[in-house]
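After this come two complexes, each holding subunit A, first together with subunit B and then together with subunit C.
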Partner chain A sequence: MKLWQYIARRLLLLLPVIIGVTLITFTISFVIPADPARAWAGQKAPPSTVEKIREEYHLNDPVYVQYYYYITGVFTGNWGYSHSEKRPVAQCLADYFPATFELTLWAMGIAIPTGIYLGVVSAVKRNKIPDHLSRIFALSGVSMPIFWLGLLLILLFYTYLGWFPASGRGIAPAHTYTGLYILDSILSLDWHAFVDDLWHIILPSITLSYATLAVITRMTRSSMLEVLRLDYIKTAKAKGLSDKVVIYRHALRNALIPTLTVSGLAFAGLLGGAVLTETIFAWPGMGRYAYQAISTLDYPAIMGVTLLMAIIFVIANLIVDIMYAYLDPRIKLGE
Partner chain B sequence: MAEIEATRSFAKTHESQIKEFKYILHLIRKSPLTLAGLILLIFIFLVAVFAPWIAPYHPTYVGGQQYWPYDASKMLDPPSWQHLFGTDDMGHDIFSMVVYGTREALYIGFIVVIVAMLIGVLLGAYSGYIGGWFDEVMMRICDMFFAFPGLILAMAITAALGPGLQNVMYALMVVWWPAYTRIVRGQVLSVKENQYIEAARAVGISRFKIIWKHVIPNSLPPILVQATMDLGNVILTAAGLAFLGLGAAAYTADWGVMVSQGRSWLISGYWWWSTFPGLAIFITVLAFNLFGDGIRDILDPRLRR
Partner chain C sequence: MDDEILLKVEDLHTYFYTYEGVVKAVDGVSFFVKKGEIFGLVGETGCGKSVTALSIIGLIDDPGKIVSGKIIFQGKNLRELPEEEMRKIRGKGISMIFQEPMTALNPVYTIGDQILEIILLHKYGIENIKKAPKELKNKERKRVIEMLRLVRMPDPERAIDSYPHELSGGMRQRAMIAMMLATEPSLLIADEPTTALDVTVQAQILNILLDMRDKLGISIILITHDLSVVADVCDRVAVMYAGNIVEMADVYTIFKHPVHPYTRGLMQAIPSIAEKKEELKYIKGSVPNLIYPPSGCRFHPRCEYAQDICKKERPKLVEIEPGHYVACHFAKEFFEKEKRAEGESNE
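Our next item is the complex of A and B:
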C-alpha cells in the first residue's frame, strides 16, 4: 500500500472515532441535572418561553432524534450557546484556540529536544551519575502536579526575582495573521510585542512541558538501551566511527520511533495540562475558558472544549501514526 | 506438632513461589530507587493510619462537613514550631490538614483503582476469552474513551455530575476502566493459548470457572504493576480536578483544594499555604511511581539483566 492510500484510509477511519467521541459527550450532556432550556431562558422567564426554547432545541424529542440534531450541529459548527460569554461556543473556541495552540507548540518545542537529549545521555551513561540524575528528574516530572510547579515558578521568578510576568499573553502584535502572538509579531515586524510575548510564554510553556519532557526522556532512554545492544552498533564501533556518530547517527535514528509514538500519547497530557497551566497563568486559551465555564456552570462551553480537545488529540495521533509509517519502512502499512 | 507439619507442607508445596518471592525481595533491596519508593510508601501509609496522633489539631464533623479549629489572630502565620507548615487565611493549622489529607488521597486512589480494576478484569477477561462480537464491541467502546485526554474527560463528567469528592471519584472510575479492560484482555489472549487452559477445557470445566480459576489469576502480575503506577496517577488527576474547583469543599483537608485556595495568596509572598500540600501530592505520587517502576522492571524477566 502506498503512503497516500494509508493516509486516506486513516482519514476515513477518523469518522467513526469522532462519532464515538460525540456519543460520549452527548451522553455526558444528558447526565447534566440542570434544565438546559431553563438555563438559556434565564430564571425569570415565563414557562411559555421555556417551552418555546424546549421545542426549538428539540428537547422534547426522543433521545435518538436529539442525538441526530446534536451530531448535525457538531458537523455544521453549531456547538451550542455559551451563556457566560453570551455568544456561540464555536465562536469562543475559534477565539481561544490559537492561544492554546501556541502554548502547546512551545511546550512541545521544549519537551521533545530536551527529552531526547536527556534520554540519550541517560542511556549512554547507564547507571552512572548523569543517568541517576536524569531518571530522578524524569520521575519527578511524571509525579509533579503541574499546577503546583506553575505556582512555584511564579513564586520564584515573578514574586521574588521579578524576571518574568505571571499572567496573560502580553501585548497583541500589530497585525493578526495566525493568532499565534509570537509568530504574528515577527511577521508584522513588531519588535516591542515580540519581546513582551516571548517573556510571557516562557513560564507557562516550561510548566506545561515538564511532564511531557519526562515521558519522552524515559522512552528515549529505554529504547536507546535496546538499540545500543544490537550488533550493528558494535559493527559501527568496530569500524572505528566516533561515539558521537554511532550514538546520534546510527542508534538514535532507530531509537526515536518508540519516542515518537509516546509523544503522540503524551499530547493528551499536554492538552489536559493546558487547562491547569492556563488557569494558573491566566493564559486566555481554551483551558482557561473551560475553567471559567466550570465556575459559571456554562455546560455547552465545557462540552465544547471537551469535544474539541478530543478531536485535536485524535488528529495528533493520526499525524504521529503517519509519521511512524513514513519513518519505519518495516511497518506494514494498514495492519 | 501438627502446625509445624502444616507450615512445612506449605513450604514444600509453594517452594517455587517462595523462592521467587525471596528473589524479588532481593532485587528490590538491590535497586535503590525501588527501595526508596517502598520506604516512602510505608511512611505515607503510617502517616495516614496515625494521623490523629501525628496532627496537633483535629477536625470536627457536622453533617458530613469537615470543620477545623481556627484562630483568627493567627491568620496566614508563616511556618513556626507551633504551626510547622504555617496557617491559612482563617488561622487553620496547615500541617494538621496536610497530615489528614493523606487519608483522603489514599482513599481516592485505592477506591478508584480497585473499582476500575474490577470492572476491567471482568470485562477484559470475558472480552478476551469469548472473543467474537462482544470483544469487538468492547474494544470499540474502549477506543472511544481513549480518544479523550484523561483529565479533560474527567473534568467534563465531574462538571456534569456537579462538584464534589464522590463525583470526582465516579468520573475517575469512568476514565480509568478502559485501560484495565484492554490490559486484561491482552493478557487473557496470551494466557488462553497455554496448554493447561486447553487441558481444563478438555476435562469439561465450565467456561466461567476456567476464566476465574485459571485465566484471571495467571494474568494478574502486569495488572497489579499497572495499578501501582495508576494509584499515583489517580491521586494526581484528582488533585488537578480539585484545583479546578471540582473537588471537595473549601477548607477541607484535601491537598488539591488547599493548593487551589492558597494560590491567590502565594503571589503576594504567602507561599506556605499552597507549597506544603503540593509537596505532599508530589511526594506521594513520586513514591508510587518509584515503586511501580521498579516492580515493573523486576517482574519483567527481559529487563532483569
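Our next item is the complex of A and C:
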C-alpha cells in the first residue's frame, strides 16, 4: 500500500469518528438539566426573549432534528454560534487554536529531546547517581500538580527575578500568516515582537512540558533497559563500536517505539487540555476557551472544542503510526 | 611451538557480584588456541563457557568482573589494553557470534548495512555509516555481497537489502558469520552457533565454519554443549565443569581415552545405536551452585571415585601425556588403568 493511500484511508475513518463524537457530546449536552436558552439570554431577560432564542436555535425541535442541523453545519463549516464570545465557534477556534498549538509545540520541543536524553542517560547509568537524579526529577514531574509548578515559576522568575513575563502571548506580530506568533514575527521580520513573544512563551511552555517530559523520561529509560540487554547490543559491541554508537544507533532506535506512542498521545492531549497552564499564564488558547464555555453553558463552543480535539487525536495517531513504520521495518502500514 | 599459539588464557577468574553473593562463574581457567585450529569448549549450561568467551573479548557486563588472570592474544595481554585499543581488536582481531540468530541481528537495519558497518569501522575508521561517502559504500557493497556468497547465502543480491525478520534462522546465522568474518579476524568465537537451529541447518552452518577456517585461515573457538558437534568439527577440546577446565586434549583422545571422571561420564551419556541400553546413563547429581562451590575438586560430590583429598585440595591441570591435560588427583592412575585396559583389549 502506498503512503498516500494509507493516509487517505485513515482520514476517511475520521467521518465515523466525527459522527460518534458529536453524537455523544450532543446527547450529553441534551440530557444535562440546564436551560441553555435561559443562560444565553441572561438572568433578567423577559420570557419572550428566551422563547425567541429557543426558536432561533431550534431548541424546541426534537433532538434528532437538532442533531441534523448541527451535523450538516459541521460538514459545511458552520460549527454554531459561541454565545460566550458573541461570534461563530469556528472563528473562536481559528483564533485560539494557533495559540495553543504554538504553546504545545514549544512544550513538546522541550519535552521530547530532554526526556529521551534523560531516559537514555538514566538507563545507561543505571543505579548510579545520574540515574537517581533523573528518576527523582521524573518522579516529581509525574506527581507535581501543574498549577503549582506554574505558580512557583511565576514566583521565582517573574516576581523575584523579573526575568520573564508571566501572562499573555506578548506583542502581536506585524502580519499574521499562521497565527503562531513567533513564526509570524520571523516571517514579517518583526524582531521586536519576536523577542517579546519568545520571552512570553518560555515559562508556560516549561510548565506545560514538565509532566510530559517526566513520562517520556520514564518510558525511554524502561524501554532502553529492555533493549540494552538484548543480543544485538552484544553483537554491536562485539563489532568494536563505541558506546555512543551502540547506545544511540543500535539501542535507541529500537527503544523509541513506546516513547513515540506516549509522545503522540501527550501531544494531542496537551493541544486540548492545557487548561490549567493557559489559565495560570492568561494564555489565550483553547483550554481557556473550553473552560469559559463550560462555565457559561456555551454548548456549541464545548462541542466545537471536543470535536476539534477528536480530530487532532485521530491525526496525531496517524502521524505516530506512520512514524512507527519509519522506525521499525517490521511494521508495515495497513496490515 | 609457542609461535603457533594465537590465544593463551592463563588462570582466568571472572566473578559476578550479585546480591545473593559472589558467583565464581570462571575460576582459574587456562587454555590455549593454536593458529588455524577449531578449539571446542564443551560443558553443561552454566559451567562458564560463555563467560570465558565474553571475558576474552572484554564484554563482561556489570555486575561481572575479571578478577585476575591473563588473556594473551597475539602476544598482547588484552586485560592491560585500554578500552580504546580493545575496541580495535573487537571485530577485527577477535570476532564473536552468538547463539540466537533470531535476536543477534539488529531488527531495524538491513543485513547489508550491518555488515557494511563493521567493514567501514575497521577498514576506514568510519563509525557512522550514514556519514560514509557514497563511492566507498558502493565499493564495499561488493565486498559484502562477496562475503554473503562465501557463507553460501542464497541470493546474496537480494539478502543484502533484507531486514533480519525477512530471513530464516539459518540465513540469519549465515549473515552473522559473514558480518563477523568480513574484517578477516584471526579468531572467531562462536557461542553455541547452531543450538537454536534445525539439525540439517546445523550441519550447513558447521560446514561453513570449517570452510571459513580453510579459506581464511582463522582460528575458531566453538562453544557448545553438543558432543556430536565437537566430534564433527573440532581439532582440540577443553571440557569445562563448574567454572574450571577439567580436561583438555585433541578431539580423538577426548573421545577415545577420556581420563577425568566427568569427561568419562559425558561420553557415556551419549546415546549409541550400536549398543541399546535399558536406560541412558547419566551423571548423578546436578551442577553445583557457583556462589558456594564445593571445596577442593568441584566435581567431588558427584564423583564415584572421590577420596578425602578431593574435598580438600583443588587439583591442578597437568599434562599427563603430550598435549593431554587433566585436572584430577587420580589422573595418572586413571590414565594407566585406561592404557592397560586398552592393551588387554588389543591382545
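Keep this in mind: the second predicted complex is superposed on the first by the 300 of 335 C-alpha atoms of A that agree within 3 Å, B and C clash if a C-alpha of one lies under 4 Å from a C-alpha of the other, contacts with A are read in each partner's own complex, and residues count from 1 in each chain.
Keep in mind that, in the parts below, a residue touches a chain if its C-beta (ideal position, glycine included) is under 8 Å from a C-beta of that chain, and two chains touch if they have at least 3 such contacts.
Keep in mind it's a predicted model, so treat the numbers as computed, not measured.
J.: Taking subunit A as the common reference, can subunit B and subunit C both be placed on it without clashing, or not? Answer clash or fit.
T.: In the arrangement built by aligning on subunit A, the partners subunit C and subunit B fit side by side.
J.: Which partner does A:20 reach: the first (subunit B), the second (subunit C), both, or neither?
T.: The first partner, subunit B, only.
J.: Of the two partner chains, subunit B (first) and subunit C (second), which one does A:7 touch, if any: first, second, both, or neither?
T.: Neither partner.
J.: In the superposed arrangement, does A:148 touch subunit B (first), subunit C (second), both or neither?
T.: First partner only.
J.: Does subunit B (first) or subunit C (second) touch A:314, or do both, or does neither?
T.: In the superposition, A:314 contacts subunit B only.
J.: Tell me the contact category for A:158 with respect to subunit B and subunit C: first, second, both or neither.
T.: A:158 contacts subunit B only, not subunit C.
J.: Report for A:232: first if it touches subunit B alone, second if subunit C alone, otherwise both or neither.
T.: After superposition on chain A, A:232 lies in contact with subunit C alone.
J.: Which partner reaches more residues of subunit A, subunit B or subunit C?
T.: B
J.: Which holds for A:306: it touches subunit B only (first), subunit C only (second), both, or neither?
T.: First partner only, subunit B.
J.: What is the contact status of A:172 with respect to subunit B (first) and subunit C (second): first, second, both, or neither?
T.: Neither partner.
J.: Of the two partner chains, subunit B (first) and subunit C (second), which one does A:290 touch, if any: first, second, both, or neither?
T.: First partner only.
J.: What is the value, to the nearest 10 degrees, of the angle subtended at the Cα centroid of subunit A by the Cα centroids of subunit B and subunit C?
T.: It is 80 degrees after superposition, to the nearest 10.
J.: What does the superposition give for the shortest Cα distance from subunit B to subunit C, in Å?
T.: 11
J.: Give every residue of subunit C touching subunit A within the complex, in rising order.
T.: Its residues touching subunit A are 57, 59, 87-92, 95-96, 98-100, 103-108, 110, 117-118, 121-122, 127-128, 163, 165, 176, 179-180.
J.: Quick check: in the complex, which residue numbers of subunit B touch subunit A?
T.: Per the touch definition, subunit B meets subunit A at residues 33, 140, 143-145, 147-153, 155-157, 159-162, 232, 236, 239-240, 243-246, 256, 259-260, 263, 266-269, 271, 274-275, 278-279, 281-282, 285-286, 288-290, 293.
J.: In their shared complex, at which residues does subunit A touch subunit C?
T.: Going through subunit A, the ones touching subunit C are 230-232, 234-242, 245, 249-250, 253-254, 327-330.
J.: Can you name the residues of subunit A that touch subunit B in the complex?
T.: 17, 20-21, 23-25, 28-29, 31-33, 135-136, 139-140, 142-148, 151-152, 154-155, 158-159, 166, 267-269, 271-273, 275-276, 279-280, 290-291, 293-295, 297, 299, 302-303, 305-306, 309-310, 313-314
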